[in-house]
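Just passing along the structure, written as structure tokens.
First chain written, first letter: the chains are A, B, C and D, and each begins at residue 1.
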Amino acid sequence: MNTIGRLLTLTTFGESHGPAIGGVLDGIPAGISIDTSLVEKQMERRRPGQNRLVSARREPDQVEFLSGIFEGRSTGAPIAFIIRNTDARSQDYEQLKDVFRPSHADYTWQERYGIRDWRGGGRASARVTAPICVAGALAMTALKSIMPQLSIEAAISQVGPITVNGTESDAKVEALLDRLRKEADSTGGVITCTIDGLPAGIGNPVFDKLQAGLAAAMMGINAAKGFEYGDGFQAASQLGSQHNDAFLMKDGKVVTATNHSGGIQGGISNGQPVTFRVAFKPTPTIGKPQQTVTSDGKETVLEAEGRHDPCVVLRAVPIVESLAALVILDQWLCGSRK
Amino acid sequence: MNTIGRLLTLTTFGESHGPAIGGVLDGIPAGISIDTSLVEKQMERRRPGQNRLVSARREPDQVEFLSGIFEGRSTGAPIAFIIRNTDARSQDYEQLKDVFRPSHADYTWQERYGIRDWRGGGRASARVTAPICVAGALAMTALKSIMPQLSIEAAISQVGPITVNGTESDAKVEALLDRLRKEADSTGGVITCTIDGLPAGIGNPVFDKLQAGLAAAMMGINAAKGFEYGDGFQAASQLGSQHNDAFLMKDGKVVTATNHSGGIQGGISNGQPVTFRVAFKPTPTIGKPQQTVTSDGKETVLEAEGRHDPCVVLRAVPIVESLAALVILDQWLCGSRK
Amino acid sequence: MNTIGRLLTLTTFGESHGPAIGGVLDGIPAGISIDTSLVEKQMERRRPGQNRLVSARREPDQVEFLSGIFEGRSTGAPIAFIIRNTDARSQDYEQLKDVFRPSHADYTWQERYGIRDWRGGGRASARVTAPICVAGALAMTALKSIMPQLSIEAAISQVGPITVNGTESDAKVEALLDRLRKEADSTGGVITCTIDGLPAGIGNPVFDKLQAGLAAAMMGINAAKGFEYGDGFQAASQLGSQHNDAFLMKDGKVVTATNHSGGIQGGISNGQPVTFRVAFKPTPTIGKPQQTVTSDGKETVLEAEGRHDPCVVLRAVPIVESLAALVILDQWLCGSRK
Amino acid sequence: MNTIGRLLTLTTFGESHGPAIGGVLDGIPAGISIDTSLVEKQMERRRPGQNRLVSARREPDQVEFLSGIFEGRSTGAPIAFIIRNTDARSQDYEQLKDVFRPSHADYTWQERYGIRDWRGGGRASARVTAPICVAGALAMTALKSIMPQLSIEAAISQVGPITVNGTESDAKVEALLDRLRKEADSTGGVITCTIDGLPAGIGNPVFDKLQAGLAAAMMGINAAKGFEYGDGFQAASQLGSQHNDAFLMKDGKVVTATNHSGGIQGGISNGQPVTFRVAFKPTPTIGKPQQTVTSDGKETVLEAEGRHDPCVVLRAVPIVESLAALVILDQWLCGSRK
């Protein structure tokens, strides 16, 4: 349940306010030079408190690697790593012990398990995505040595109702986030990801399609509500004669004239850029009073305090890239050996 | 690669024009009375040629059960079934042997495997979804005996640019499909699914979230381009104070005032209706001339003939329901035993 | 539960007296020329009624391939096949409907599922090993094209208390089996298997060791009671200085002076022949009267009739080879790509 | 590759001389009171240096739990734990950097991965079994709360050629081990395990038989060479009329008169004690000079120093119990819900 992948598996563990979070990444090919600077860079991008737009919790997020790396290279053994939880002020959450926060996982977790670690969201906290960043950076490092031309880049394409497209929209986003912070409210957004340089022939038909792997991975991110690739939901309104990507020859290679398909046909990459988008709901933690119920079935009003981001997409960009790298490497490893 | 599920697994097999297609469904609890009329009903809904809106191929689609059922009840052993391909006119496809049809799986399959069964789309044909219907009907039968109040109902909510909402839109859809048929073109659409009566507490946190299972399953359907649940992509534009679902007590039960979440919070059902939408691209098979390339790298123009539907969503409704049933039953089986 | 393997998966289905038994083999590399004569040969070796030593049931065992093969070659799609049950005289078993046969699966199956197909042993019949032979022959065909020097050969090394080692023992075995047939009794035996020509470096450390894969597969065969590789249980009595296999250089290659290890060290092949042995208990079906109980809890005496073999190992030889081929190919496919 | 189990999964990681070893145990039911004293007890039994019979390395083996436990109870989230490697004198092993130790995993690991952590055996060290003990103790704790009458007890039944059966054999074993220590040699042994109080109906038919799960788990232990259950290899020599376990009624319950089956029939427990035996080869590390080769293909003589046990079975007893507990709990969890 806490593992993703088939030949490349990532198992994560840890709660927001437990001793540590971490992961075990099994299946990274042996002999890869491990680039810890990429790990640090991705962790830094995910880190809260890095600027005034995101929540103030200051996590040093020191990643300690415990296994699977020898003299700077992967050995083929599982790579385990932990990140200590050093800034876990559980008392901030004491008030939430017996209250189900609206649109959080408190109530459903309680129904599923009959017990929950209520401190800081426990296992359902967005903090549990940090190990994904570490693993994703390792997967990207391995991919770079296998397909040097590959790039996986995600970016925010929408914050609340604002389409992000340059300097002008940046100012609007700043203004929106300032307002949300003042009003103790939050908003959602959309992240777009492009995988460039992926060779044709990666993926699988039927149930393990490349888009199925990507969709499942992205739907595992906290607050994700939608996934589409290529023209996505827009494709529903199109005609086949508009949507179909004509094949052409270019420099002796099969290419497509357009890329409505988003680089995937029949579950397998076609050599064009793989493009997909992930929609996120507003951060459910808001400061405004909210109607809710207690764990013993009494209605109440919740006025939450504590740290939170007004928009979850700001920190989710490296998570999207990381999961994409994990899925791509796994699907490549599962491909038929020739 | 052709298997979905963890404790309830469906493995499908077969090509459009091979001897038979079929599946093996393993994990249906023992002792369930098997309702073959539901199997037939779902197969009938998926069947092409059933009305003038869909392609003319007349498949009797006789399902033969081979195992796992004894004296009308499931035994806990795998339930295998086959459907013979009786109407496979491969010669219709002879012309496609050496041509990559745009936005089909021909080219990517060739790159992935170096060989492909080009007859009628082979393994990539929409025909391979028929076994999903059979298995889905069995899963639904099992679910009904476990949760009698459960219903899983999908419906077409959009055909091309037309929102489907009643008598008026039906006429528009008819007109659009008539025009597409005349123009040898196609269009896409959206299917909405509602799972009602699902108890709270079903699903899993982190990578095996209920929405991740649903998204992966739906993204495995031919031509699917997007998945969203609850408010989906619309949630990106909302404020947290709008989106959050307040908890209330009603008849001694925890309910939510709204259902922006789509019945899932933190990957686990919350007792409200689970709602999701799946976007489909236009059927890639169209009659209009299309620019493409041959398998030996020459540019050419394809003028396809043969049977096809102007809109894939017309037949995909029972597929969506079937996959939803398989995912729900599997997640329920994987839930912690108490 | 009815699937073996990770990248190469075999899912079997079917009961002894249902419409058909069969399997789905997924993961055979694309482009392999399929040698159906090997399938037939292995099926023939497994077939009962082939000589006077084994039971008289005459199964034609016609294998029908349904998918995954195109113009004589594998396509990478799942290869499904069925074998019709044509000689299923269920009435022979009517008397067993309410009686638990000693050391059969009747009682445990009933406890596990609350229902059982009692006709001919149902899903627990040795007949369900036939699909393993089909799949094993396909796996062997694929292996031959990948490692032409590979051979997997099993042989009976013990029948009852008789060590099989040539002409003299053959006469003793004949005499034993004649006696058993007359006395309506049965006995066990041991099968030895040698995998020759396997390159070093195949297998995995820790839980997916090559010997773990082999042991699990062999313990899945009906009546198997023990597995050992290399010196096996004898190794327990040895000294390290006796057991260790010294490394030598031979023709520029690393070889071992002895092969106590049985070709596997640390879970991975070392280039020497992989050797293992599988012990089988006596066929539990015997004609002698046996004390047992009925399904409604009454003690009774069972005097079984019907067809059975006096020694199960006579037919298990190709099963052992087939499972070995499936395990080897799967472990090779799972090996790190370079 | 480093994960065992289906619904209850244990993923282990770590090398003998890396920063830490550990594991992630996912699937322990929620709400179980965690008995850390049992963890400590099992770790203590496995610990080297505990008496003069085993190697002198003094590992404190402090287990640190990182997740999945809240207020003394399991939460249903993965339980991660680490054990720091505090006594890792890698320089002891420097001489082994370029030499393949006979019957160790050095050569095969190098062939498989092209790189190996040679310090103390790296990932192939027996030290990696420590996390299995931790996980096994947790699994046993969970099992005890589900089946209070269950006991899983392993014991040494053979050391070298000596059958262990009481006071007399103990003296012989002492003498043997003293001699081996003096002669810098080693020997093997056999461990017998009995699972008492397991209800009938646990396990699965065909490929996931209870004995298949046990065999695979045991064959994953370092130095294990053979597995048998019930009468095992002895059953090969028996007659069916001797081997079959007659059913009787006792106190209204179905029992068997004998237990040649070892508590398992058709892959499923029958309510009698489950008995199995595991054979171990001699510890491959010996002090005597051995013929071997270097990593650059030169023949050489190895005279190993460093810490080692003269007999591996002394420490393997809790490992066998632990893996048995993990397999039993997993199979129980996978059983059909009623």
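The criterion applied here is as follows: contacts are C-beta pairs under 8 Å (C-beta built on N, C-alpha and C of every residue); 3 or more make two chains touch, one makes a residue touch a chain.
Only a predicted model underlies this, so the values are computations on that prediction, with no experimental measurement involved.
Peer 1: Report the chain pair from A-B, A-D or A-C that duplicates the B-D interface, where duplication means over half of the contact pairs agree by residue number.
Peer 2: Having compared contact pairs by residue number, the answer is A-C.
Peer 1: Give the chain pair, either C-D or B-C, that is connected by more C-beta contacts.
Peer 2: C-D
Peer 1: As a quick test, compute the distance in whole Å between the mean CA positions of chain A and chain C.
Peer 2: That gives a centre separation of 45 Å.
Peer 1: I'd like the Å distance between the centres of chain B and chain C, where a centre is the mean of that chain's Cα atoms.
Peer 2: 38
Peer 1: How big is the gap, in whole Å, between where the Cα atoms of chain C centre and where those of chain D centre?
Peer 2: 26
Peer 1: Could you list which residues of chain B touch at least two other chains?
Peer 2: Residues 1-3, 12, 30, 76-77, 112-114, 123, 205, 334, 336, 338 of chain B touch two or more partner chains.
Peer 1: Write out the stretch or stretches of chain D touching chain C in their complex.
Peer 2: On the chain D side, the touching residues are 1-4, 12, 100, 102-109, 111-114, 123-124, 128, 158, 160-161, 180, 185-190, 200-209, 211-220, 224-233, 235-249, 252, 254, 256-257, 260-262, 264-271, 279-286, 288, 290-293, 297-299, 334-336, 338.
Peer 1: Would you mind writing out the residues of chain B in touch with chain D in their complex?
Peer 2: 6-7, 29-30, 76-77, 205, 332-334, 336-338
Peer 1: Under the definition above, what is the set of chain A residues touching chain D in their complex?
Peer 2: Those residues of chain A that touch chain D are 1-3, 9, 11-15, 18-22, 24, 26-27, 30-31, 64-68, 70, 73-80, 82, 112-117, 122-123.
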